[in-house]
Amino acid sequence: MPEVIYGAGKTPEQIIGILNVMKENGQSRVLITRLSGDAAATIASVHELDYHADARVGIMGGLPEPNGIGRIVVATGGTSDIPVAEEAALTAEALGNEVVRLYDVGVAGLHRLLSHLEEIMSASVIIAIAGMEGALASAIGGLADCPVIAVPTSVGYGASFHGLSALLSMLNSCASGVSVVNIDNGFGAGYMASLINHMEVKE
Amino acid sequence: MPEVIYGAGKTPEQIIGILNVMKENGQSRVLITRLSGDAAATIASVHELDYHADARVGIMGGLPEPNGIGRIVVATGGTSDIPVAEEAALTAEALGNEVVRLYDVGVAGLHRLLSHLEEIMSASVIIAIAGMEGALASAIGGLADCPVIAVPTSVGYGASFHGLSALLSMLNSCASGVSVVNIDNGFGAGYMASLINHMEVKE
Amino acid sequence: MPEVIYGAGKTPEQIIGILNVMKENGQSRVLITRLSGDAAATIASVHELDYHADARVGIMGGLPEPNGIGRIVVATGGTSDIPVAEEAALTAEALGNEVVRLYDVGVAGLHRLLSHLEEIMSASVIIAIAGMEGALASAIGGLADCPVIAVPTSVGYGASFHGLSALLSMLNSCASGVSVVNIDNGFGAGYMASLINHMEVKE
Amino acid sequence: MPEVIYGAGKTPEQIIGILNVMKENGQSRVLITRLSGDAAATIASVHELDYHADARVGIMGGLPEPNGIGRIVVATGGTSDIPVAEEAALTAEALGNEVVRLYDVGVAGLHRLLSHLEEIMSASVIIAIAGMEGALASAIGGLADCPVIAVPTSVGYGASFHGLSALLSMLNSCASGVSVVNIDNGFGAGYMASLINHMEVKE
Amino acid sequence: MPEVIYGAGKTPEQIIGILNVMKENGQSRVLITRLSGDAAATIASVHELDYHADARVGIMGGLPEPNGIGRIVVATGGTSDIPVAEEAALTAEALGNEVVRLYDVGVAGLHRLLSHLEEIMSASVIIAIAGMEGALASAIGGLADCPVIAVPTSVGYGASFHGLSALLSMLNSCASGVSVVNIDNGFGAGYMASLINHMEVKE
Amino acid sequence: MPEVIYGAGKTPEQIIGILNVMKENGQSRVLITRLSGDAAATIASVHELDYHADARVGIMGGLPEPNGIGRIVVATGGTSDIPVAEEAALTAEALGNEVVRLYDVGVAGLHRLLSHLEEIMSASVIIAIAGMEGALASAIGGLADCPVIAVPTSVGYGASFHGLSALLSMLNSCASGVSVVNIDNGFGAGYMASLINHMEVKE
Amino acid sequence: MPEVIYGAGKTPEQIIGILNVMKENGQSRVLITRLSGDAAATIASVHELDYHADARVGIMGGLPEPNGIGRIVVATGGTSDIPVAEEAALTAEALGNEVVRLYDVGVAGLHRLLSHLEEIMSASVIIAIAGMEGALASAIGGLADCPVIAVPTSVGYGASFHGLSALLSMLNSCASGVSVVNIDNGFGAGYMASLINHMEVKE
Amino acid sequence: MPEVIYGAGKTPEQIIGILNVMKENGQSRVLITRLSGDAAATIASVHELDYHADARVGIMGGLPEPNGIGRIVVATGGTSDIPVAEEAALTAEALGNEVVRLYDVGVAGLHRLLSHLEEIMSASVIIAIAGMEGALASAIGGLADCPVIAVPTSVGYGASFHGLSALLSMLNSCASGVSVVNIDNGFGAGYMASLINHMEVKE
């Protein structure tokens, strides 16, 4: 299991310090979220780091082999939701999951969504990411028979009120099997999905 | 054209008084909205009145022959939205429109919605009515090529905040050709749809 | 799998009608949520029904043998949250899960919460239910290594704003592995938990 | 019919790429909304583009001949609402409509509004655009006998709460035949108005 | 000057007690606001009281001769706003003002409003009362050259949010010379208008 | 009477153009509000202009002799409210009123407020300006016997929510004779106060 | 120290059960808050109980001798705040404090407040309780040199939004030494004040 | 006792002026809050000043010997809350209190919190500082037997709504003995805690 560093509000120097300690403790894989490009560049001068600019995610030590129950589908309503989706997808991958990306399949174009029915039906967990009216969670929740983690995004303007519109929508989903994380919280959704995808019998 | 009386906050006696004046003025058709069953009973003892309990609508003088450009489809996400839908449908019918009702076709069951694709594609105007996450407006807006009037309803609980969730959703619809009326405003949607369905060249 | 009927806004007669159809179709188990005591009594005169007054849940056909991966723990912050908790617990049981109830273990009494560490650590899924400040989700999320479904309740007064306080709290949980359903949505949490507890490899 | 590109959040390079594909597919007319001046300049170095700085709209391929049922009137309460109005007007023109602009006719100066009664009465559709108290929609809705699309704007300060005040006002319009789009959504209003102005009999 | 008793939350017995003390102190005129019909009946069995059921106002000692600078116009957008208007009008009359009532002159029917231009232009102070979109304050504020006190009312439903819509509208009025009191606060408006209508030189 | 130009959203060139027209029409006095220092400098190179940087107000043609009924007191709760207060005071002065400034007399230091009782009691109109808890309006409203115009300001942080706290406070003032204008609307308060201070008998 | 039972949502039978257990454990003093009159009557038939109807508080075992550092002053802005004040005062008394009640000393009548300056200055802790604009906390906070616990109440209407107005006011108090509890939470304020009034050196 | 200057909105020159006057009046200790680094540098060129960059606090004249009843514990949920915590701690120290800092002891890691049980139990007053879900106040309130001052912080994103989430949480704390100050108001909490920690018998 990789360690996770929440990069927001930390200086590159602080992050390098944490990485040093982790390395000493034998931790070979680290996921850093909410990491700016500038901070990533500074860190990369000291530690080997794969930086994903869209997702603002840095990964040290590469991605592990997937070892979950099945596949995690990460779906977005639009293209503007992709940064949050990539944060979710990379988190899930870093935690040992196979991820299928279905981007720009919002309900205003149902044919696009439905053309991916096979991926949706074969998923073990689905992360549904959308801003504006956030309808994707309900549409996917109605189609799929697996747990759906909904992520509202702050994409939109005016009466989207920085993600409030999508958040309320998703909380009120009329489909069963949908739960919700904070606005723009791609990491939280990826982590939760990975937990679910690694369920096993406890004795 | 029928006259319209907004029944909320008016006593049956006041409504009877208005009806008397209208009748004297030769008005043979009247639509009364937000009319309680008790008030309707009192009025019905004086004037002939068709009362629709679900919609809380009373109609005096019967429904006219439809004379609009095409058909108005009234669709709802769930069965609890039907009272608002009936207010919209009866308003449209009283104003001279053919109405097709598609109830309980919410996005959590896309197959049901899609099985009515023909009605949707042949509509001149669609009224999309939904509470909770209000996703129906976007789904229909994406399918149809005609104007869509969205009506959020106060159906739901908790974070639906009495219709706020559906209202914000519909205002943020990512589909083009969707506009919104007040929460539970079936009459307003029916009236607007009828105006659109009676468009004609002005000289 | 039992069928589910959302009882709110349906008359006892409508529910009996649905039950008749279900029975004809060979469905022997039905879960009815948001069912008033009066409606339950009417239904019970026609169909055999176990009614749980606290949870406002009726169950027809008894509870099945648990067949999930592990145990679902249902925990509440206070005693006033128990009706929502029972809705969640009975839903999970009706869907084939073993349920452990931990009631009144809110963070204002950490010793009580910690005295149940064993149940928490051996859970496969935890449903954390709390009103007011909703802190239980974070406390449990920090202790447990399994998925946590958080349910805000409308318990409280003043600045709890009918559950908004607990809802925001839970969405902002600083613990990983927590997702949230609508205010008072015990059913949704129980359903989601059951989906997770029945994860299996898809081919 | 022109294609539409929503420019917000897209790089000039991405837009040029989309335009290239559209051109290859034989699309000669394209409308680009929410386009910054800098992006427009970059695009204009590759594709012929009319850029309207106020409206932040770029049009490729010129405006078509109007072929709607009648005229669309675009009215604003103040001069600060003009950018949104121009987005609406140019959208409507690009979609084949004759547009009449009535700017700065807010209800605080009723004489100005009433001096344009003729334009209002001869309109087929009216787009009423206002910030602050958003009263224009009701005033015009009361005068006109055609559909009115209301657009709240984020113009104002303090208790206008970035357009919330105008949005609520317009949703509560006491005039019939008014529906509302998102705050500052000039494009949405222009598109909806064009749909209405091109109504025709379906067989 | 009459004394004023705010009746809400006081028992008839408490009010009678206060009236007894006032009478002993030689106070012959008293205005009681927010007084229920039942309480008024109890009080009327002890003290002579004119009760105005619409306004929920009781007046002891009759109305004084008007002695203000000019006339106060009380205008409402609709008929449902009349109870608040009567509270304002009776307050102003009890405080020695001549009051002109202009009811149901909302902006959705500008012709009605404009047919009363003479009363509006000859007013010394105007109280503009409206629910829903609250546009009356701006329309009157634009026409009149005297101070306008705006009173939002809780009339409406859905997105009127119990008067919030009208309140925000009125605070954002684009007309100069408009200030606002609390939702449904007819008394406050009448009192403020009377203060203004009794302005005099201080030495 | 001076003309008023609302400077926000206008370029210096536009303002100079308006001033040119006004001058041609014989208007010698102009008040410009919400005017930035840079814009003022540009305008001052063409027209003689007194610029008040704190208030962001420019005055052309000097201040007239006061000719109102009495004095207008402009009071603030703190020193951070002074910019809004100066906008109010200069507006009132430009409209022909004598203004007394009482700054930093908030309720957390009642002795300071009470030491100015004489100015308060001799005022014809008072403008009470405060951010944060906005209590000044009630305290002054309770002391004074003249109309009080309350101006909430956006001064504060956290739960002041950009002036919402002070706005709600002032609308709920338990003192009679208080009405409220928009957040930070010094001009509106000064204009309203001047209208009141120039009340005269109409025939 | 008395035990405390939060009565809301508990049946009289449940409370009697708890009281029985407490008595068996030798607890002679119990405070029951949020207790309805009906429930109190049922309990009083089994246990000796002093019931305070205004405060909805029941006390078993009488009040102890005060043993705090000094006096706790409980002050209210109006008479409608008294029920909350009595809950606070009785809680403090039950916990061993001397309480001074100063009711109806709101800022709209500063003379009343100032006539009690001696009580205010000699207090060890002050509980300031007010609805509507909640200004009392700041006024008292500015006068006193001891800790002030502010309690917003839900007294008011319209823009008081069930206590939100007073809550925000009190959180934004410009006086130092003020902290706030939940709306209508008289118990919480009394408990906190008692803790403070019983401060002692720990070793 | 040191004097306190609220630095926000004051120029370095204004602050130097105030310091000059204070020094002349014999005030040797001054605490300046909300002071930017640049302003501090300018002031430090004139007056000796200890500047704490994290807390944005400047102290002139050094810290006094602690002379309170006991120790004040300042605890935070996370590391991002430290700036607010330092403002609280330095305020308390400047006012003569011994302060114990417990940083990053949030409820998502109960073991860390519980490992500091001794410090918590031996505190005289505790300041609990947290953003996001604000659960720390309840957890500490349940453990401690001393007054707890809760400070919500604006740390977080999305549904934390700039501190609203933590604020509501803390107001709804189910633990007794907790009161709340404004979002990010470290100074207010430190001041209140110091008042409590200096309680003494008044005669």
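Observations on the model:
When the chains are written out, they are named A, B, C, D, E, F, G and H in that same order, and each has its own residue count from 1.
Operating definition for what follows: a contact is a pair of C-beta atoms (placed from the backbone, for glycine too) under 8 Å apart; a residue touches a chain by one contact, two chains touch by 3 or more.
The model shown is predicted, which means the values in this text are computed figures rather than measured ones.
The set of chains in contact with chain D as well as chain H comprises A, F. It takes 90 degrees of rotation, in steps of 5, to superpose the Cα atoms of chain B onto those of chain C.
With centres set at the average Cα position, the gap from chain F to chain G is 41 Å. Distance from the chain B centre to the chain F centre is 48 Å, each centre being the mean of its Cα atoms.
For the pair chain A and chain H, the distance between C-alpha centroids works out to 36 Å. Per-chain Cα centroids separate chain D from chain G by 57 Å. In chain H, the residues that reach two or more other chains under the touch definition are 158-160, 164, 167, 171-172, 182-183.
Shown are all chain pairs that touch, namely A-B, A-C, A-D, A-H, B-C, B-D, B-E, C-G, C-H, D-E, D-F, E-F, E-G, F-G, F-H, G-H. Taken in their complex, chain B has these residues touching chain D: 4, 69-70, 122-124, 145-147, 149, 167, 171-172, 176-183, 187-189, 191-192, 195-197, 199-202.
Chain B makes touch with chain A in their complex at residues 77-78, 106-110, 114, 131-135, 137-139, 141-143, 156, 158-161, 164-166, 168-175.
Taken in their complex, chain G has these residues touching chain C: 8-9, 152, 154, 162-164, 167, 182-185. Residues 79-80, 155, 157-160 of chain D are the ones touching chain F in the complex.
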